[in-house]
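Dropping the structures in below, format is structure tokens.
In the two complexes below, subunit A is the common chain; its partner is subunit B in one and subunit C in the other.
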Partner chain A sequence: MTDDNSDDTARTDGTGIVPPDDETPTWRERKERTTGLSRLTYEYFERSRREDQDLREESDYVERDVLAFPVWPHELIRNLALTSFFVGMIFFLSATLPPHLGAPANPSQTPAVILPDWYLYWSFGLLKLGPLNPDLAIIGGDKLLADRTYGVLANVVVVGFIAIVPFLNKGSARRPVEQPFWAAIGVMGVVFAVFISALSIKNLVPMDPHLLFDLTFLVPPLAGGMAYAILKTMREGYMYDLNRRYYKLRPPK
Partner chain B sequence: MSIERKDDHDHDAWIQEKDLTPVEQSFLTVLVWLDKRLRLVDYLELLETLYYRVNLQMPKSHTEQYNLDNKFWYWYPLYSLGFFSTVAYIVAAISGALLGFYYSPSAAAGSVDIEGATVAYSTVAAIMTDLNFGFFLRSLHRWAAQVMTAAVFLHMLRVYFTGAYKEPREVNWIIGIILLSLTMVFGYTGYLLPWDQLAYWAGQIGVEMSLSIPLIGEWVAQLMFGGFSLGQATLQRMYILHVFLLPFIVTTVIAIHLALVWMQGIAEPH
Partner chain C sequence: MSDKYPESSGRRRFVKGVVGSAAVAGVGTASIAAVDAITNPTGAGGGSTQYFGVENTAGPAPRAMPMVPLETDEEGYLRGVYPEIKEEEQAGQTVQVAREELGGITYEIDWFQYCGVQEYQGLQPSYDGDNYFRYTGGSTYDWQPSSGRMHVDDFDDYESWANDYGEAGIGKPAKGTWRSQDTDNNIPVQIIRSSVLEDKIAEESGEAIDWLEAATEDGFMAILNKCTHFCCAPSGFRSSNYGGAGDKIYCQCHQSIYDPYSIVKRRFVAFPRPEDG
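Here is the complex of A and B:
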């Protein structure tokens, strides 16, 4: 398919489906001919490339214009070094703590303890929030939702909230001291997860179930509040140091 | 199309006019022969680019430039947790593939030695008692799965507390949540496979949970558990999910997750 045989009028491709070379549109022509969504895509790409170019030209940021660690080598070197220990740990656990195989399934005999695996306890616990399910006086004290439906919805709400965190918390702060509020929310979430997990296996926890239920809702905000106070204090400390250094260098007139 | 080759492209003549040792000559001949058919050159070019990219002298990152390491070095080991999830997943996949050859998902009556055992239960028992290294294999699979789940949870906390989910990494956060859910479904479906008392009654809870989903509850229970009471259909579906569907899905989603991390780099603290 070289250019020099384009003047050869004999069409050898038979079907005529493939256009002869001199009719094949170039990429530029294709781009100009497109309409609708693909046209918009091309136009946007061109704009964004132009934007990059302008930014690069304006920038006095000589070293680098990427705000991240490259995965190689920074991340991978350390990870590969730690990996053998990690795999070793899995083998060690498997060799020393083999799993259990209980009695065979028996539909006619409900066991005293029914448990999912530990990582589902939190979800299992959310299913047991029946006491919090509001009952309406209007419909004669009936519950609006079945307790179990309420529990499933609680799961959806929790996961949904976690999913939209990036759209709620914006800005460039990263470390907990830089954002005491969100760090406190995180601490609250973790503590809540621990307590709700304990609640889901309350018949195995050596504690009064009512007390446990109350603690599940009292302790997390408390822990969150404490985290907030501590981080806020730490931040004040950092700011104090920074300010002191600043005013030492440039004493106020 | 002209059939005559241009002189420029007469590689044989080119090889002849070079003064080559037999080794070089045969190497080149094979290379040219393969390249004509497979366009090896294109791939070599890709490899070359890759090689130079990988060995590039990296410019200083933000952290290095402003010497910020002293502020948050203690976070760094936690940055391995995502990789650990991947590694544990691989270990679980390999040990699980091996287990899959010896297990059969049947709720028919199993070994007569065990009171009330199904075939599924008996095969697990056989793996643990008869198969060479079978006990260890099951143990390894179990622990790799447990450790993976733990690592994924901790990885999520690391991402949260280092604020690594912020722009431009929101998409990866959401993909992560999908991965976390899939990991838990993976664990759950696997938990049911031995078909012992724990498995059976955990399955029962699963059916009840599906049934209590508003509107689509019954449909979900039918789809996932093959009916409203547990039996052969349930076991079969859990097996299909656990060894066929989920492995493909999770592997793909992990690959996308890692590709995004590679493209965006690791979020630096400020």
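Here is the complex of A and C:
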């Protein structure tokens, strides 16, 4: 920073709003003339905007003397130390824990319980959507796709949807109450994942498989709807509290 | 025109031509080699074949599991029937073919050439062992021994035998191997003795019954225990109550169910056997 503008050094404590009469009202005065949530929210956003602006104005990014550390020796020494540590851990673990190498798979004998790893159950469940694959009258009651193709395409649809969510929802919300709709979509997805996982092991779940199949598609929208209703109800009170707490902790001078 | 790129010159076109034609020639040679490797028959047998098997009644399996014809010897030991081995001229070469007429159908070893079984040494005509069924360890069924040849006397109580699944007396199952001594892989088979089968042969008629008369004996039937879906060895007859499988053959991998008393004729494309197995 240069010295000639030290008087104008931006304040970053959020107190840069200057009222027209040069007199900042006290907290009590402010509270007395408040008009409720809308006023509070406006002030909250105004303060945030001002803080951001101050920070930007006083940014010394260009003027810094040191922009970064050189790769050699600083960065490389640090990276080598970290690498050596983790390589050492790998050697240590492989030396202390003898590897489990089972007998090769016997194609003539299949274990009584044979399943993918648990974290792939959802995908395994998506392969069992045969009942959703319609028998089309137009091709003589046959299925357009084999059940296995259908199951693979179901995986593509689910993974594809998850992949495009960041492009559909570009909000900056960080709490479910701030975006009840997308939070509800998330709840629906999680509940669906749980149920589709249970469906994938339907032969082991002590429940009628047809009932389980129906629940897999009925419960998630229900849970999503409930989550939406609850979050929507919570939202106003929650945001009010949030704003008030923020405001109280840092009252204007 | 951007001046970033060099002028097109005769020399440059020449170099491009040489590189391009070399690339095209390389790709062409590689694809011809690939097509050749894929389409060149490298084994014996294979191709479309028609067989009798136990019907797939539920689950994702595409077709029936093939039956293995069986017979008993004078001492009462059970053994499978391997088709007669003949020498045949095929495309100017003499090859061994295992094929015979049995119960109104051409019984050939191609029936079992799927799911990798086509590579088992036991399936080769040159296999030098006997045809007896032998028990295996790790079976679904507590009653059966873990080794030794299967004998008719082991199944004496087949009309009353019961376990946790299905009704008592619908059949006594065992699991074993066929033509698998001193080989790398066992050919898994399921043996069932049942009065249901005997009654069916006595009361019904049709091409499936003709086949059963030739391929079964004293209520015994044998099935190649390889699921036609993804090649698991099914846990077997009367091994689960899931989806009404109590009185059927159940595959634990993807819940395919086969009805051993519903014999159907099916067709599929068999893999060839490797010739020097």
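Just so we're on the same page, the second predicted complex is superposed on the first by the 130 of 253 C-alpha atoms of A that agree within 3 Å, B and C clash if a C-alpha of one lies under 4 Å from a C-alpha of the other, contacts with A are read in each partner's own complex, and residues count from 1 in each chain.
Please note the rule applied: a residue touches a chain if its C-beta (ideal position, glycine included) is under 8 Å from a C-beta of that chain, and two chains touch if they have at least 3 such contacts.
Note that the structure is a prediction, hence the values are computed from the model and not measured.
Q: Where does A:Arg148 make contact in the superposed view: on subunit B (first), on subunit C (second), on both, or on neither?
A: In the superposition, A:Arg148 touches subunit B and subunit C alike.
Q: Mind working out whether A:Gly186 is in touch with subunit B, subunit C, both or neither, as first, second, both or neither?
A: After superposing on A, A:Gly186 lies in contact with subunit B but is clear of subunit C.
Q: Please indicate which partner A:Val165 is in contact with in the superposed arrangement: first for subunit B, second for subunit C, both, or neither.
A: first
Q: Please indicate which partner A:Pro209 is in contact with in the superposed arrangement: first for subunit B, second for subunit C, both, or neither.
A: second
Q: Considering only touches as defined above, state whether A:Arg49 meets subunit B (first), subunit C (second), both or neither.
A: neither
Q: State whether A:Thr110 touches subunit B only (first), subunit C only (second), both chains, or neither.
A: both
Q: Which of the two partners, first being subunit B and second being subunit C, lies in contact with A:Leu93: first, second, both, or neither?
A: Touch partner of A:Leu93: subunit B, not subunit C.
Q: Going by the contact rule set out at the top, does A:Gly130 touch subunit B (first), subunit C (second), both, or neither?
A: second
Q: More subunit A residues touched by subunit B or by subunit C?
A: On the superposition, B touches more of the residues of subunit A.
Q: Can A:Arg39 be said to touch subunit B (first), subunit C (second), both, or neither?
A: Neither: A:Arg39 stays clear of subunit B and subunit C.
Q: Which subunit A residues come up in both lists, the one for subunit B and the one for subunit C?
A: The answer is residues 106-107, 109-111, 114, 148 of subunit A.
Q: Subunit A touches which residues of subunit B in the complex?
A: 1-2, 54, 58-63, 65, 71-72, 76-77, 79-80, 83-84, 87-88, 91, 110, 114-118, 121, 124-125, 128, 135-136, 138-140, 142-144, 146-147, 149-150, 153, 157, 160-167, 169-170, 173-174, 177, 181, 184, 187-188, 191, 194-202, 204-205, 208-209, 211-214, 229-230, 261-262, 264-270
Q: Provide the residue numbers of subunit A that touch subunit B in the complex, in ascending order.
A: It is residues 1-2, 5, 12, 63-64, 66-76, 78-79, 82-83, 86-87, 89-91, 93-95, 97-99, 101-107, 109-111, 114-120, 123-124, 127, 145-146, 148-149, 151-153, 159, 162-163, 165-167, 169-176, 178-179, 182-183, 186, 190 of subunit A that touch subunit B.
Q: Name, in rising order, each residue of subunit C that touches subunit A in their complex.
A: 60, 115-116, 136, 138, 140, 177, 180, 185-188, 231-235, 240, 242-243, 252-253, 255
Q: In the complex, go through subunit A and note every residue touching subunit C.
A: 106-114, 130, 147-148, 202-203, 209
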